[in-house]
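Okay, so subunit A shows up in both of these, paired with subunit B first and subunit C after.
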Partner chain A sequence: MPIHEKSLIRPENLTTHEELVLDGVDVSGHWSTFIETRVVKDYNESLEEEIAALPGGEQIHRCWQCGSCTNSCTVNAINPDFNPRYWIYLIRMGMESELLRDKDIIWQCVSCNKCTYACPRDVFPEGVMKATSHWLEKKGHTPKSPSMHFDEVFTEQIVATGKIEESRTIRRFFARTKQKLAQPWMIEMVKRMLRGLPVGLLTRMGLATLVAPRTSGWGSASAAIQEYIDEQHEKQAEALNLAQLVETAKQDVAA
Partner chain B sequence: MSLPDKVSLTMTTKDKYKKVAYYPGCALEGSGHSYNRSTKAVGKALGLDLVEVKNWNCCGAMEVKNIDPKIQTYLSSRVMSTTVNEMDMDVVMAPCNGCYHNLKKAEYDLANDDESVAVVDRLSKKAGHKTYESGQVETIHALDWIKDAIGEDGLKSRVKNSLSGMKIANYYGCMYTRPRHIFPEKDQGPGSESTSKPHFMDDLLAAAGAENVDFPLKTACCGGAHTLSDSDTSTKLVLNILKTAKMCGAEVIATECPTCHSGLEMHQIRAEKTLGEKVDIKILYFTQLLGMALGLKPRKVGVHENINDSIGFLKEKGLG
Partner chain C sequence: MTKPVLIVGGGPAGLAAAHSLSTVGKECVIVEKEDRLGGAPILSGYAKLVPSGEWARDAIGGMVKRAEGAPGVSVETGATVTSFDGEPGNFTAELSNGKKIDAEAAILCSGFTHFDSVNKPEWGFGTYEDVVTTTQVEQMISSGDGVRCPSDGRKPERVAILLCVGSRDRQIGREWCSKICCTVSANMAMEIREELPNCHVYIYYMDIRTFGLYETKYYWKSQEEFKVKYIKARIAEVTSDGEKLIVKGEDTLVKRPITIPFDMVVHAIGMDPNVDNPTISETFGIDLEQHGYIDVGNRYGAMGETSRPGVYVAGAATGPETIDDSIAQGHAAAMAVLSTSADFSKTA
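So, the complex of A and B:
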């Protein structure tokens, strides 16, 4: 069955009649299950363009649906619903509502790049997954994923200091995602880390926590990077027509 | 790409890698400190010079790339710009797979994408340093460094404590080989590294006397990108790697990336605590194993800084 017809045989699209007579012929039994007639009219014709306007999604138009990405996918092996090939198909066809059914798992791409390695068309499916999860968040279909929170905490620190101090990043990430830091496995890990009395390492980490490591003279680089990021965000908001989305939402609320 | 100058034409790779710029990166200053320690110790024991990149910054890692790939390209290019313009060196060695990958990716982008060149030029000018141009610096991994500068034969003649009788699964991870296009020197026939079946780590550890097991998950993913943001997925992926290595007969998993290494260590514990699955296998950086084979004490190569406890095991093998 072609990948795009899969959705037709979902339980909600099927009707089974106990007894059915069509044109005078009794078709009860094996022949009584029918796919509901439906008309798809909620195409988002600019969906492909919108994804292509976000970093990583630029090459989506090159896909010819060979399925090498899904076939090689790390996450697909543990969750068969994680299907990059299918999502790329839906995006190119503009089938937004069908794509939204999987909105909560798309961010789970682990960026192992097996798909990009396997892709014969240089679609960079890994980038398309990132672009799609950004699109879902920017359009307000999903809240920020834990992964996005992590990326933001990490990037903020680099823009500010030029370097990463791990414990600070981890603490901020746990705080921002409202998770408890003292989880049993985390405590066990720290215990085992202390076992070998790594004095040098602990001193180093302790100092790094007190005085965050930074690249000296980073100020001008920091400002240049932040300016560029802001510029890009503005461009993306324009490509995704976010201003209008906000306007419509305001009108809805007012009405 | 600029033509190689006369000096590098007459220099063999062996000479060229004897003294390289060293880019440890953020992880090696923290959780991957034992990798930093062991890389330096091995370099010293082999008579190779590492000159740390001056005032380096983060390569951008996966996280900045996710926010904006061109910022990651800029961050990596700044490291290479410092190497060539402020240190006058043309080889930079990064032991961390993430840093190595990102520098390679920046090199590729700057050689092939005009927009990346323009963004890097703009940011470099605003930041007040020279713009890096593709072809000025060669980025290598710690594996390339030892393999080319010393080689298997050179290593064999320096081994003091053979790793004989130690069964090792070599784990390379994702970033060292994928995607293929950023590693033009790989897959170039005999002697070069393979992106589908990498073997440089196998070669070096075999030269140190170890017995490498046939391990099918050499380049599998440990879920390092989501080690904290989607821990259940990472635990599943790591558990699969640990169990497979064990089934292949390995006693040790040798690693070459701080994210993989700490991911394996963390999720080995997490699998034990949340899924009740305990897999007893040792996890060591390949530089730690090489260092001990060269006669260094476990503490010298930071074995006590690993979370996974292998001290008793190493004593049993006569390396403690």
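So, the complex of A and C:
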């Protein structure tokens, strides 16, 4: 549905009384269908700052709503509901409830960065999409996405060893996303590698799978990187008021 | 030396005209109906001016001091012109205080009247104490008291500024754009955010007309540095739930009705023609244009001609005008007078 019509009637705003008699007239069932108002009741004033606190969202305040991002968008061409300009507007004005209606579409950004080049104000819309996806995850509105799991597995490994050992990355990624490792394409790939690769290379790969290789003297670098990452996470958690969120959730559980 | 020039109105335009005439040794008389000079910026207690950022009392107050002490400038306050007869170079004006002035020419610098928000009752002015005008907020800032809700003196946490109140509104016969309210509102929003960093300011607009260089200095600066929010919505009504003001309208960019609570609503009031214009028109025998401002004659020969030779006009008497341009027009009208004066012109 085009964006300007989407707002008109939403299924959750339709109410129907199974049994209803008004002034002696039976209006049960669809005769009593009523459309509730779709009014925005308030702004969440910290929403823009929260998005701006996440990597990629820093320049969102520059947007002047020209629509270059949406017009250049790869995903929008296929899914007209994918509208970066619209979400940027909602975020800037603090229309959180409206933004959440699209939480299952926002992650679809393919990071082609056409919008990044089209944007006359250097808003970096692709970054804003990424920040918004992360915001949705951090606030618990959407589950952790597969790409987020991958990023985490990848980063953890780099921080720990200073190197990437692909089979380990893949194994952990599959484990965290609860996918079976023994998938037909994987079995086929391993078979062909065994057949085609030189013995020396195969031996080294096998050893690396068993004993994770590590950059020598990595300890202090690893500690420094980890410290920085922790700092950033702490800052973001503070900006997004995540502690409060956890507290509220605990109270809800207790109640 | 021939007769002095009659200047009607002691605001920015009139003060500029008087200064110009004084510097070349031409006498003039400023007739001001209020008890002091300065015009709207002084009488209405404006705060910092656009675009200089100087306080009105310093900037325009300085012009008042300069004019009052200038040689050849005399001032009649608390007086209006009741009759004006004669020919160019030989006019006679009678004042309400009984004085008679022989004048060579007249420059009308009679300015404008602030729109009275009571004429838009749906926006709550006069019904709710916390609905105020930009003029009132200017006074809150210039007095040093700060921006506070009039009802209980609390610091507002959320302020809505409604643009085009009394401008671009055919319903109430005001079809003109008052030109400066967008910029003034953007400036005011920044001043509010500066004084009250926890107060969120929303500007409800039809279009934003921060013309020329004001785009960067006010429109973008207010958004980028001061986080002022601009929402494209013509407000339907301002009501109250007993605690907060409720602003109703439609956010037209997302096609969504809005009912948002606010602590304070500010009307960005426009410039009406001076309420005295019909009287001025009759007294001086000059035409008004269709909206009720003083009609400007030839725009490309001499500056500020009216429909009557020897009577000139400058500033917001001709239509909504900025302070800077009013001052420029005051100087220009003085030059137009001099160019036809036997004392100065080689061609007159």
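Following the convention adopted for this analysis, the second predicted complex is superposed on the first by the 183 of 255 C-alpha atoms of A that agree within 3 Å, B and C clash if a C-alpha of one lies under 4 Å from a C-alpha of the other, contacts with A are read in each partner's own complex, and residues count from 1 in each chain.
The rule we apply is simple: a contact is a pair of C-beta atoms (placed from the backbone, for glycine too) under 8 Å apart; a residue touches a chain by one contact, two chains touch by 3 or more.
The shown structure was predicted, so the numbers you read here are calculated from the model rather than taken from an experiment.
Touched residues of subunit A were counted for both subunit B and subunit C, and B has more of them.
Within the superposed three-chain model, A:Asp42 lies in touch with subunit C and out of touch with subunit B [touch as defined at top].
In the superposition on chain A, contact of A:Val110 is made with subunit B only, not with subunit C.
When the two structures are aligned on the shared chain, A:Tyr89 is found in touch with subunit C, with no touch to subunit B. In the superposed model, A:Ile9 makes contact with neither subunit B nor subunit C.
Within the superposed three-chain model, A:Leu181 lies out of touch with both subunit B and subunit C [touch as defined at top]. Of the two partner chains, subunit B is the only one touched by A:Met193; subunit C is not.
On the side of subunit A, the complex with subunit B involves touching residues 55-56, 74-75, 78, 108, 110-114, 116-117, 124, 127, 130, 145-152, 154-155, 158, 162-167, 170, 173-174, 177, 184-185, 188-189, 192-193, 195-198, 200-201, 204-205, 208, 213, 215-218, 220-221, 223-225, 227-229, 232.
For subunit B in complex with subunit A, the residues that touch the partner chain are 26-27, 29-31, 33-34, 55-58, 60-64, 66-71, 74-75, 78, 119, 122-123, 126-128, 174-175, 177-180, 195, 220-221, 223-226, 228-230, 233-234, 236-237, 265-266, 269-270, 272-274, 302-309, 311. Across the interface of their complex, subunit C is touched by residues 4, 7, 37-43, 45, 48, 61-62, 65, 86, 89-90, 92-95, 98 of subunit A. Of all residues in subunit C, only 200, 202, 223-224, 227, 229, 231, 251, 253-261 touch subunit A in the complex they form.
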